[in-house]
Amino acid sequence: MDRKDVNYGEYLHLDQILHAQFPESDRLNMPAHDEMLFIVIHQAYELWFKQLLYEVESVAGIMKKPAVNDNSPELQTVVHRLSRTVTILKVLVHQIDIMETMTPMDFLDFRDMLRPASGFQSWQFKILEARLGLKFEHRYGQEYYISQLQTAQINAIRHAESEKSVLQLLNDWLERMPFFEEPENWADYQPVTNAGHDANEHIFWNDYRQIYAGSLADAEQSNREQFNKVFLENTGTGLSAKACRAALFIMLYRGYPLLQLPFQLLNSLLEIDEQLSTWRYRHMNMVHRMIGTRIGTGGSTGRDYLKGALDKHYIFADIARLTSFLIERRKLPGLSQKMERRLGFL
Amino acid sequence: MDRKDVNYGEYLHLDQILHAQFPESDRLNMPAHDEMLFIVIHQAYELWFKQLLYEVESVAGIMKKPAVNDNSPELQTVVHRLSRTVTILKVLVHQIDIMETMTPMDFLDFRDMLRPASGFQSWQFKILEARLGLKFEHRYGQEYYISQLQTAQINAIRHAESEKSVLQLLNDWLERMPFFEEPENWADYQPVTNAGHDANEHIFWNDYRQIYAGSLADAEQSNREQFNKVFLENTGTGLSAKACRAALFIMLYRGYPLLQLPFQLLNSLLEIDEQLSTWRYRHMNMVHRMIGTRIGTGGSTGRDYLKGALDKHYIFADIARLTSFLIERRKLPGLSQKMERRLGFL
Amino acid sequence: MDRKDVNYGEYLHLDQILHAQFPESDRLNMPAHDEMLFIVIHQAYELWFKQLLYEVESVAGIMKKPAVNDNSPELQTVVHRLSRTVTILKVLVHQIDIMETMTPMDFLDFRDMLRPASGFQSWQFKILEARLGLKFEHRYGQEYYISQLQTAQINAIRHAESEKSVLQLLNDWLERMPFFEEPENWADYQPVTNAGHDANEHIFWNDYRQIYAGSLADAEQSNREQFNKVFLENTGTGLSAKACRAALFIMLYRGYPLLQLPFQLLNSLLEIDEQLSTWRYRHMNMVHRMIGTRIGTGGSTGRDYLKGALDKHYIFADIARLTSFLIERRKLPGLSQKMERRLGFL
Amino acid sequence: MDRKDVNYGEYLHLDQILHAQFPESDRLNMPAHDEMLFIVIHQAYELWFKQLLYEVESVAGIMKKPAVNDNSPELQTVVHRLSRTVTILKVLVHQIDIMETMTPMDFLDFRDMLRPASGFQSWQFKILEARLGLKFEHRYGQEYYISQLQTAQINAIRHAESEKSVLQLLNDWLERMPFFEEPENWADYQPVTNAGHDANEHIFWNDYRQIYAGSLADAEQSNREQFNKVFLENTGTGLSAKACRAALFIMLYRGYPLLQLPFQLLNSLLEIDEQLSTWRYRHMNMVHRMIGTRIGTGGSTGRDYLKGALDKHYIFADIARLTSFLIERRKLPGLSQKMERRLGFL
């Protein structure tokens, strides 16, 4: 085996990493101290974006397998890596504190030298969004988007979109969840007749829907139709009705051994969305504080773009939405022994 | 003097503090483990709100004096306490992490028992906003606001609004800043004729306006009128044109000794707004994650209210806006020696 | 049912919570602005200590049951609440930032008024340590400890120690882990003869010990005896040899479904120790920065006590120690099918 | 002027930055997923070390000037950049959270492939310590230190030590502080006779020493000699007695305009030490959790080295020590009008 002594600097390619900072203000001989910070922080972000992509790809790779073997460590690995993704995103949010030590006057010293480059052009971040599940047609400001990126980059992002995203793989995985037999006809509801639920998914969800409807306040009656739309029709942007039922089932009965990791999986995806959202929000505030209503180096009024993205770029909104359809634990339909056995170690 | 031994528990009134948690779920005999967390975290928030109010009142008390004596430690005290306010707000934002360990299902176990109480009813937080400078007429959802609070609380908030807020005191203080003699007629601009600027505020700002206008891109021409509105007319919601000029001057020439603490003061007010904004944003996300589109315990669709407040409740927006009107340091009009002396220790 | 409208302020007993701040400097008519912060932050800490105790008690309550039913949500509940404990501790560490906004000069304004009260006298924190598993005889500075607390408090802490701590309950639970049959005689090692391991715990660990020994560098040979001490003799301060074997087994084979939550349980206990340790460390630094080598209000040179506690108060050191005895995943002894079935859903 | 369009990727040299990750486990064809994280996080650290060095060099560059002109923005720039240094260090501490998502078993997968490389070999970090003021002779484990680094690196660190460090420059700057005339003979104390203090540094400090001594408890009497050692003799490891007097004066009278930035300067240096210390502490805990008592890849028992460094590597200990010699604000000797004028804008 080709094992030789490893040297810290060579191993990390520090020559390359530490000699990649070339301020424009130096080149133009108009020194601006803070440009170094500007370069270093963006490079640090891009390094972490690479790592985030690496984790997300590995997660997609595992979920792509015909079946995540519930007896293997794979589901645990998925949860672990998504939770690492959250941890990294938290540090990236915190890192904005460093950027904020650059005052608007300090930024002005070199801002015009960077045109038309812009943080918007981080294709790695866009690929990350795409691999998680954001589609081009759901992006805010599509024309601006196209105008800012180079063809090769657009192609790379398009390619990333064309592969099954984490959201799609989640959908497939949820649809495979073997809790119930497949229902044949959702219109065909029947009242529940036995103590436990399982034989028939129709019966279970019909019963559940009744309990849920009974828990709604007068002002919440529109949630009743919402329930039908989400769980019976296929109106989700990302998850099918069948996948939504499986996800809700996981949330409701998360205590059973078989559902514990699936619950953690759903939760970590929500946390990823939340961290991305916090990142966009603090980023937006920072840009506003830095350039106010001036045009950003990339030609946009940066804040408007970021604000538009804020509302539209929730990737796992279909999971978040399920919260509206929970009922109290003490009102949950009990499960049959057969079902309990399926969900446990017994 | 009445000095006697102090006892830890008595000094902190721990008997009182630690025996003030009475879960409704206990009283109703429907145990819900997480209600204790719900109570404790709200009490911790209210304790910190008290402290924030205490700091903000003390700051207002100092700024209310006819003139903050520039030779006294008072301005430094103001900056120090505002910066402590920021530090506390950061912890309060972080504290949301703890709330998020409560899952929607765990909240459902006792949510209905709390109606119609709601975090919205924290009058201390509303008094805090009022003391900083938020006026009733600028609040989002005014009717909802009135409907949720008790008369005594509304009166307390109204009273807090009726006193000079930090924003108003800032305005007065900025207007008192003795950089220039008071201009007589802003229409009467003259070209600048001497190397340094000071004798005439007209001349200085006229010159500045020209440099600024010259720095605008084609797409930014509307900023030109904005400049006039902000610095010559009185269109601000909080700061007068005169105060805006003083604040911009501080930002531009912050390097001079006399302007260093004033610059830190402006900065810490912006940071307070930013932390409040991050707090509202994470709070909004948390509420959404917790109850989805269900009606909050206080009867509102919580998220909508918080979202509305998000855009409207910036208190120091007039300071934030100044960023749009900066020019590059190397293009700054030089100051006369007389002015330099006024701003320094010489 | 006795359900009536709940009012925010009454529910949280804000009258009580917000009227429990009485600065000594006010009473003595020698105003010291920062004493309010000092009171509020300690009250906030004590509120959170109450919550931490509440979570830890509930965890102990679950673990105390003859067997945590692996098919029930209970183990998940334990992990969830310990992980919340970690989240709370992180905020408490962060909260030190607030205390550090008080400069030494500001503290001096009222420090002498508080003697002999001291943060050391927080009996809730000591009960928390005791319930987790810290014994009196392992505490640093035992005499000082006795001298500082009142009899009733010492009794309360003693009582807390007398009940089974989380560490002891963990030990019991680990000893109950049904991976292997109980070995009869550890001296009786045999070489491994079949592809998988399970029939005989002797064989498994003997084999493991050989692989482990083979992975040691020359300078690490003392780890070999350590291995025997930890896993064959009962030298742990908290965990028996049998419990240590179970814990190591969990770490090594954490991928199997049955071991996933147990692994998370061990991990969250380590995180609790780490956060407590970071808390003590930052606390020690803060005290040093605040009073230097002066005597603390409680009569100790605060920093020395905290420093002593730093090294001695690791509660789950026996779990942390296991890291030294891991081997590479690719060298792990394979498990027999029978064992695999026991650890999975199949 | 050579201004051309700037491209995001080229400007940041992303080709270079993002193609510098070559896991040994790939090369050896023994895939270990987490090695990528290991590489990326170390590269991110080194990027930030470069930025920290850049800020610290710029600070040293300003302080090296014969006199920091108090009328120029330079002192403010120094404080601003040191405070940015603190902000960066806080993120680096937080970043350890990411490393901790790597479990010991995951690290074992590739640990042996890295020998004898070790994080200890980060010469940038050692240069940073050296530029702040850590001397070779005060480092813990000097032989180990020499054995681990390459000659070129040792020379680079030695060179960094040979230039005036921030600590030495601080000493020079403090000695230049023009509060008093230079005392001639410290033995020659006289009682204070006039209302204010200034004419004679002897008188001022003699008076101060008496007040201080009067404030000491019985158990603190050794502080009396300490006082003499620190402020009259030159026993400090970094700061001279004269510099210590100036620093204490700044702390005591920080309210005066001239002393506000100097106070912030001292404070930010203490915060740097504190963050470095927290970094070492969390780092030590992480290493312990990762490898236990095994030998680190660099051949040391990593934790022992880090623990040794913890106590010895405080760079600004002489400033921290001053806290022990403060007296209550209300007992401070009043200053003469002449002195007050010197410290203010009047």
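Here the chain labels run A, B, C and D in written order, and each chain numbers its own residues starting at 1.
FYI, a contact is a pair of C-beta atoms (placed from the backbone, for glycine too) under 8 Å apart; a residue touches a chain by one contact, two chains touch by 3 or more.
Not measured: the values here are computed from a predicted model.
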item: Comparison of B-D and C-D (more C-beta pairs in contact); value: C-D
item: Reference chain B; chain at largest CA-centroid distance; value: C
item: Distance between chain centroids, defined by C-alpha means - chain A, chain D (Å); value: 39
item: Between chain B and chain D, centroid-to-centroid distance (C-alpha), Å; value: 33
item: Interface hub residues of chain C, defined as touching at least two other chains; value: 254
item: Residue numbers on chain D that touch chain B, as the complex places them; value: 70-73, 76-77, 254-258, 260-261, 340, 344-346
item: Residue ranges of chain A touching chain D (in the complex, touch as defined); value: 1-3, 5-9, 11-14, 16-18, 20-22, 24, 27-28, 33, 36-37, 39-44, 46-48, 50-51, 54, 58, 80, 83-84, 87-88, 90-91, 94-95, 97-98, 101, 113-119, 121-124, 150
item: Contacting residues of chain C [partner chain D, same complex]; value: 30, 104-105, 108-109, 112, 217, 219-220, 223, 226, 251-252, 254, 270, 274, 277-278, 281-282, 285, 288-295, 320-330
